[in-house]
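Paired with subunit B in one complex and with subunit C in the other, subunit A is shared by the two complexes that follow.
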Partner chain A sequence: MTHYTRRQTLRLMLMAGTALAASRVLAAEYGRGAGMPWSPMSGEVPYYGTGADRFFSRDERLAVAAICARLIPSDEDGPGATEADVVTFIDRQMAGFYGRAQHWYMQGPFAEGTSTQGYQSEHPPAMLYRLALAELDDYCRSQRGGAFAELSEEDQDAVLTGLDEGEIAFERVSAKTFFDLVLENTVEGFFADPLYGGNRDMVGWRYVGFPGTRYDYRDFVGHNGAAIPLEPVSLQGRPGWSQP
Partner chain B sequence: MSRLRNALLAGTFAGALGLGIAPAALAQELSFSQVERGRYLATASDCVACHTDIEEGGKRYAGGRGLETPFGTIYSSNLTPDEATGLGRWSRDEFYRALNEGISRDGSHLYPAMPYPHFTKMSREDADAIFAYLRTLEPVTAEIPENALPFPLSIRMSVAGWKLLFFDKEGFAVDPDQSEEWNRGRYLVDALAHCGACHTGKNLLGADKEDEYLRGGTLDNWYAPNIRGGVNGGLADWEAEDIVRFLGEGRSRHTAPMQRMGEVVGLSTQHLRDEDLMAIAVYLKSLDDAPREEAETPSQARFETGEAIYFDNCAACHSADRSGVPYIFAPLDSSNKVTAEDPSTAIRIILGGARAQQTEAVPSQIAMPPFAWKLTDQQVADVVTYLRAASDRKAGPVSAGEVEDMRAHLQEK
Partner chain C sequence: MTKHLPRVDVVLVGFGWTGAIFAEKLTAAGLDVLALERGPWRDTPSDFATTFAQDELRYYWRHGMFQEASQDTLTFRNNSAQTALPMRRWGSFLPGNGVGGAGVHWNGQTYRFLPSDFVARSHNEERYGPLPADMTVQDYGVTYEELEPHFDYFEKICGICGQAGNVNGETIEGGNPFEGMRSDQYPNPPMRMTFSQDRFAASARALGLNPFPVPSANMSRAYVNPLGLQMAPCTYCGFCEKHGCGNYSKASPQTTIIPVLMRRPNFGLRTNSEVLSVEKTPDGKHATGVTYVDTSGEVWFQPADIVILCAYPLQNTRLLLLSEIGAPYDPRTGEGVVGKNYCYQVMSSATVFFEDEYTNGFVGAGALGMVVDDYNGDNFDHSGLGFIGGGYIACGTTNARPIESHPVPEDVPRWGSAWKKAVRENFLKTTSVGVHGASMAHRSNYLDLDPTYKDVWGRPLLRMTYDFTLNDRRLTEHLTPVAEEIARGMGGAHVKVNARRGSYDSKPYQTTHNTGGTIMGTDPASSVVNRYGQSWDLPNLFVTGAGLFPQNAGYNPTGTVGALAYWSVDAIINQYLPDPGPLVRP
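Showing the complex of A and B:
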C-alpha cells in the first residue's frame, strides 16, 4: 500500500466509521471480503422526530406557542420562536419517545435534587407539560383575567419570571422544573435540524451564521476565523437542491 | 473449413499461451502438476463464482447459484465429482464438449448463462487441466433447483435455435502480427476470464453483439463499463499498470471494484500472476474506440442545482473540484461509470452506496454511504447530470425516471 500517504490513511480510518450494517453474511473464503459485512441500501437513517403526530390539545398548543414566543421573541434583531415554528418541534417531541421518557429511568424514589442533577420529576416530560399547562392557565385566569395566550406581553413576561424565580407555585408539579424544561426545549427547537419540525427554513442557523450539517471544511482550513459564506444546509437539504 | 483447422491449430498454441509460457519453456512447464495448472486456469475462468451458491453459503463448486438473466433464473450445476449429482460419471471428452459446444453429458443443450460462447475458445489442454483439477475436489451431493424460465425457453431444445443464430464454435485465433504478450492477454480476456460476458453489449436474445465488443454491457441493473483502453476507450486515461493494480489489488487511481466486479477480482483476478494481469492490460490498452457522440448540455439552472447537491453531499469525500482522493475516493471528474452511455452503475452507487472490494493485498474497508433516504429521484438525476456535464468526457442528461426505476429495483431486493 505504498500509495497511501499518512494523511490518506487517517482519512481512511475516519471512513471506517461509515461501514454499514449488513443483512447478509458472505463467507470470507469466497474472497468477497472478510471483515465487516456490507449490503447496499442500508444505513442509519436519522430519527425523524415523530412525524405528523401531535400531543398537545388546541389550548395547550396555544399556550406553548405563546411561551416560546416570549422566550425567543421576534423583533427587529431577528426572527424568533414563532418563525422557527418551535411549538411544532416540541409537540412532536412530546408525542415521541422523549415525551414518554422512554429511555430514562423513571422508577422512584423521586427526590428534590439539586439544580445540577437534571430532570427529577416523576412525570415524563409530556405529562409534566400537560399538568403544568392546566395549572398555568388556571393561574392566569384567576390572577390576570385570561388564559396565558390571551395576556399582554408584559403580563406574560411577569408570569414567566414568576415561574422562573419560584414566585408562582403549582400544586401537582414544580413550576420551576416546568419553566426550565420549556426553556431548554425552546432553544432546542430553534436550533435543531429542521428535520425535527422546528428551526423552520433554518432561520435559527441563518441568524447565527451556522452553515448546517456539513462535515468537511477542507476548503476553509486556511480561513482563520473569517466567516464561511455558505448557505446553511439541513439533513433534508436546502432550497438550492431543487431546480427553480 | 479453414476456419476449423485454424481453430484447432490456434487451440494448441493457445494452450501454451494460456499458461503464460513461451513454447520454448513448454517442456519445463509440463512437469508442473496438471492439477495445479487446472486450478489456476479454473481461477482465471472464475468457474467458482457461478458454480457456488455464494448467497446461501453453499459448498465451493457444488453449484445451485441462481443466476438472474433477463429471461429468468438459471441455476448452475454441481461441478464436484459426485456420482449422482455432479460430474462423477463424466469423461474428459464430455467435459470438453460442455465447454466447447455447450452440450451436457446427456446431449442436451446448455443455456448460454454458462459462458461457453467464451469457453469455446479455450484449448483442449486447458479444458483437460481444469477437468483434472475438478476431479480432485471433495464430492458433494447437491441437487440443483429447477430453472425458473418461461415457455418456450424452459425447453432446452430452444437453445438449439439460439446456438444456430449466435453461437460460433470458433477456436482462439492467434494474431501473428501482435506480440506474444498481447495474444496471451487476449486469450485470457476472451477464452478464460470471459470479461465480455459482462462488458460487451447484448442483443435482445442475450448474445454478445460483435461490434459492441468490450464497449460496455448491462446485467441485472448493473452497467459494466467500456473497458477498451486505446484512444476514446473507457480506460483511455488508465495506464496499463492501473489495470494491473485494479485486477490484482482491487485498487487503482481511478476506481475500485464494487459488488459485481468485486466478485471477479476477489475470486479470480487477485489470484493471477502479475505477468498475466499485465498481458490483459496490454491487450485492453490496444483497443481503440469510436469518438464519443456530441452530448446534450443541461440547462444552467439544472447544472447549478446538481452542483449544489454535489457540494453539500459529496464534496466531503470526492473533493469540491471532483478530483477525489486517488486510491480511496474515486475521482469523479474523469469517472468512466459517471459518463457511461448507460448511467445505471453511477445511479445505483449513489442510491445504494458502494463498497470497494477487499483483497489480500488491500484488506481495508472503504464504503460509500447510501443516499436513497436523503435525495429524491430528481435530485439524484440532477447530480448525475451535473457530473456528466462537468466531466472531462461530457455525457448527456439523466432523467428522474431512470432513477425511479433503479430505486424500485433496489428496494425490491
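Showing the complex of A and C:
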C-alpha cells in the first residue's frame, strides 16, 4: 500500500503552490437517499473583470491596443478590435486566472519542444506579454524609429508579419509564441460575450451576424437557406431591454 | 496517517457515464456502492443553467469543466526518439472532470460499432490475409450480437433519436443499411434537419451513397426514460460540445441516471476525492480497496470487495501503472499489456462555402447531422487498398460559436482586413463534410509513465507516444476525396479540403476520443482485462470505458462504451456475485 502521511500531503500541496488554490471546494459526500443536492452558484464563476482590474502599464496597453487594431482593423467594411475594446478584454484576462496560467501545468523543466507539443514557455500569459512587449518596443525603436504604437500602419503590419513568420526574434521569449497568443486572445476579445469587456455592444457579433446567446432556434430549423435576421443577445441581455 | 474507512461492497473510481451505469445496476441489485470522483458536484441548475450556459469563453477557451491541467496533465511526443513534454494546456482533446465527466460536455452522437469492428483482426485477416506485423489490432473477445441488448438498453436510457436501418433483419428505408441487426427501433424519431443536411443527403444519394440521420442524444421530442427520468425537446441552441445543456435536452449521467441513484440509501458519492492507487493483498491476487486524497489533503483508505475503474481511459491506464497492476507495455519487445494499443481518431473534412444561401450554423445541435456509412469499417472492399477500417462521412450543423467557428477559404491571410472581411462574408454561409476515421493499433503508439514530470501529488504523469500510422494515412487519403466529392455536389461556390497530413499535432482540437491502454481480449498475454472487463490479475477489479477498445473504430465511442458497461455489470451481477472469481479461465 502507498502511504501518504498528512505531513507529506501538506508538503505536496505547498509545493504545488497556486495550483491547489484553485480547488476551493472541499470534499463532500452526497447520496445515501438524500436526493440531488443544490446550492446557489456552485459552478466556477467566470472571471469577467471590472474596470478596476488592470494588468498592463500605460505603455503596454497602448502597444496591445495598437497590435489588436492591426490584427482586426477598423475599416470601410466594419468595426474592428478598437470599437470592440479588445484591449480591455485582454487587460482583464491578464489580471485574472488566465494571465497567471492558474489552470495550466506550469511545472518544469521547460524545453522548447517540437511544433506538435504546444505551449512550452515557462512564462504564464501575462508575463509573456510583459517581456515580449518590452522587446517589441525596443525592436521598433531601434529598427523603425519609435515604439510600436507610434509607427505607421504599414510599419506596424511589417513588424507583425515579421513576428508571425519568425523573421523577428526576441531574446527572452519566443516572438512567435507571443504573436500566436495575441492573435488568439484578440479573436477571443472580438467574439466573447461582452461581459468580459470586449465585443463591446456586441459589435463583433453584429458584424458577422451571430445572434448570440438566444438558446432557442426551434422556429428557424426549417430556414432552408434563407437569412435569419435576429438582433444579438448577450448573457447580460441587450440594450433594448433596459432602454425605453 | 492514512485513515481507514468502513468497508463497502463496491467502490467506483470516477463518476461519469460508466460510473453512473455501474452504480445504478449494482445498487438495484442490493449492493452498497460508493463512488469517488476527483472533481466537484455538477448539475444543470447550478453549473450550466440557461442564463449562463452559452458562454463560449468560459466553458471552452477557459476550460470551465475540463480536467485541471495544473493538477494533472500528460506528457506527449510523436515517437520514442523524442522527449515528451507536458500538455500545459489542453488542445487536441478535452478530458472531463467532475460528476458526469465528459458525458456533461459531449455532443451526443451515439453510434453502435459495426459487428466486424469487434472482430477486427480475425475478420480482416480472413478476408484480406495477414495484417502487417506491427499492427497490433485484436479482437474484443465480445461480439456485437452479445452486446446488442445492451446497446438497445443504453439507447433507451439516453432516448436516442434516430432512424433504424435493420430491425430483426428487416431493412428499413432511410436508416443505415450497413448497421448490425437491431432488436428494436430507436426510442425517438430523428432530429429535424437543416438546409446543409438536405443538400448533403441529396448529393450523397446522387453518388449512390446511403445517407441516414446521425443517432442523436439531443432530444427530438420530450421523453421519459426507463428509469422514469424526463428530458425536454432540444432547442437547437448550438452549445452542446464543450458545454453543459441547460435545457435537460442532452442525455448525460445527470439527466438520465444520477437523480434516481441519489435517492437510493445504498449509494454514496464523495466528490473532490482523487484516488491515488488501487491496493492489493500481500500476495497481489486481490484488490483490497483504494487509497484516495481529498482536497483538504487528508488521505483515506477505502476498503471494498469489488473495485471498478470508471475514470477516463488515460486515467484508468495511469492508475493501473501507478498501482503496479498488470505488466506495463514495452514497445521494444511488444510484451506487456498496460498502456498498449493507445488509439485516437483520424479526422479530415471539406468545407463548403455558399454564395447566396445561408447555412445559419448557429441553428444547430451536437448530434444534428446526416451521415453515410458506405466507407466505414469493412462496408466496402479494401482489396489492394493497403489499409483496413474506414470512417463515417457526415454533414453536421453543431454550432457557430464564433471564437471557434469562423472558416475562411484557403487563400485568406490569418489576420488583417482581408481576414476580417472573409470571416464576415462566410460566417453564415458555410458547412462542412467531415470524415471521422478509425485509428488502428500500432506497436509504436502507447502510454506509459513519464520519467520526469509529476502531478500535484508528486506522482509521475502519464506519457503519450503517438503518431498517425501508415494505415491511418492511407485511410484518410482514400476517404477525404469522397467527402470532397459529396461537398462539391452540394451547390456551394467553393470547397476547401482540410486533409489530415503530417504528424499528429497535440494543439488544435480534433476530438476527445482517446482509446486503449486497458484493452480487453481473449488472452492475458495480449490484454489487460477479459471479455467482461475483469482484470486478468485481480478478479475483483474491473475496468470500464473506451480504454477497453483494442483499436478505435470510425465512430464516436460513447454508444459502445455504454453497451460494454451494461454488458460488464450484467456479468458481475449474474456470474461474479454468485461465484466470485475469474469469469474466464485463460
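Here, the second predicted complex is superposed on the first by the 190 of 244 C-alpha atoms of A that agree within 3 Å, B and C clash if a C-alpha of one lies under 4 Å from a C-alpha of the other, contacts with A are read in each partner's own complex, and residues count from 1 in each chain.
Keep in mind that, in the parts below, contacts are C-beta pairs under 8 Å (C-beta built on N, C-alpha and C of every residue); 3 or more make two chains touch, one makes a residue touch a chain.
Just so it is clear, the structure is predicted and the values come from calculations on it, not from any experiment.
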item: Partner chain(s) touched by A:Arg214 [first = subunit B, second = subunit C, both, neither]; value: both
item: Residue contacts on subunit A - larger count, subunit B or subunit C; value: C
item: Contacts of A:Ala147 with subunit B and subunit C, given as first, second, both or neither; value: neither
item: Which superposed partner A:Trp104 touches (first subunit B, second subunit C, both, neither); value: second
item: First, second, both or neither for A:Leu131, with subunit B first and subunit C second; value: neither
item: Touched partner set for A:Gly237, first subunit B, second subunit C, both or neither; value: first
item: Touching partner for A:Pro73 - first (subunit B), second (subunit C), both, neither; value: second
item: Partner chain(s) touched by A:Ala158 [first = subunit B, second = subunit C, both, neither]; value: neither
item: Subunit B and subunit C footprints on subunit A, overlapping residues; value: 1, 3-4, 12, 15-16, 18-20, 25-27, 29-36, 38, 40-43, 214-216, 218, 235
item: Subunit B-facing residues of subunit A, complex; value: 1, 3-4, 8, 11-12, 15-16, 18-20, 24-27, 29-36, 38, 40-43, 45, 214-216, 218-219, 233, 235-238, 240-244
item: Subunit C residues within the subunit A interface of the complex; value: 1-2, 40-43, 45-48, 50-58, 61-64, 68-71, 73, 76-78, 82-83, 85-89, 91, 192-195, 198, 233, 235-239, 246-247, 258-259, 261-265, 267-273, 276-277, 279, 291, 293-299, 301, 354, 356-360, 362-363, 400, 402-403, 406, 414-417, 419-421, 423-424, 427-428, 452-454, 456-458, 503-507
item: Residue numbers on subunit B that touch subunit A, as the complex places them; value: 48, 52, 54-55, 57, 60, 251, 259, 262-263, 266-267, 270, 301-302, 304-305, 308-309, 312, 315-317, 319-320, 325-328, 348, 351-355, 357-359, 361-370, 372-375, 378-379, 382, 410-411, 413
item: Touching residues (chain side subunit A, partner subunit C) in the complex; value: 1-6, 9-10, 12-13, 15-16, 18-20, 22-23, 25-44, 46-47, 70-73, 75, 77-78, 80, 97-98, 101-107, 109, 111, 113-120, 157, 160, 164, 183, 186-188, 191-193, 196, 204-205, 207-211, 213-218, 220-228, 235
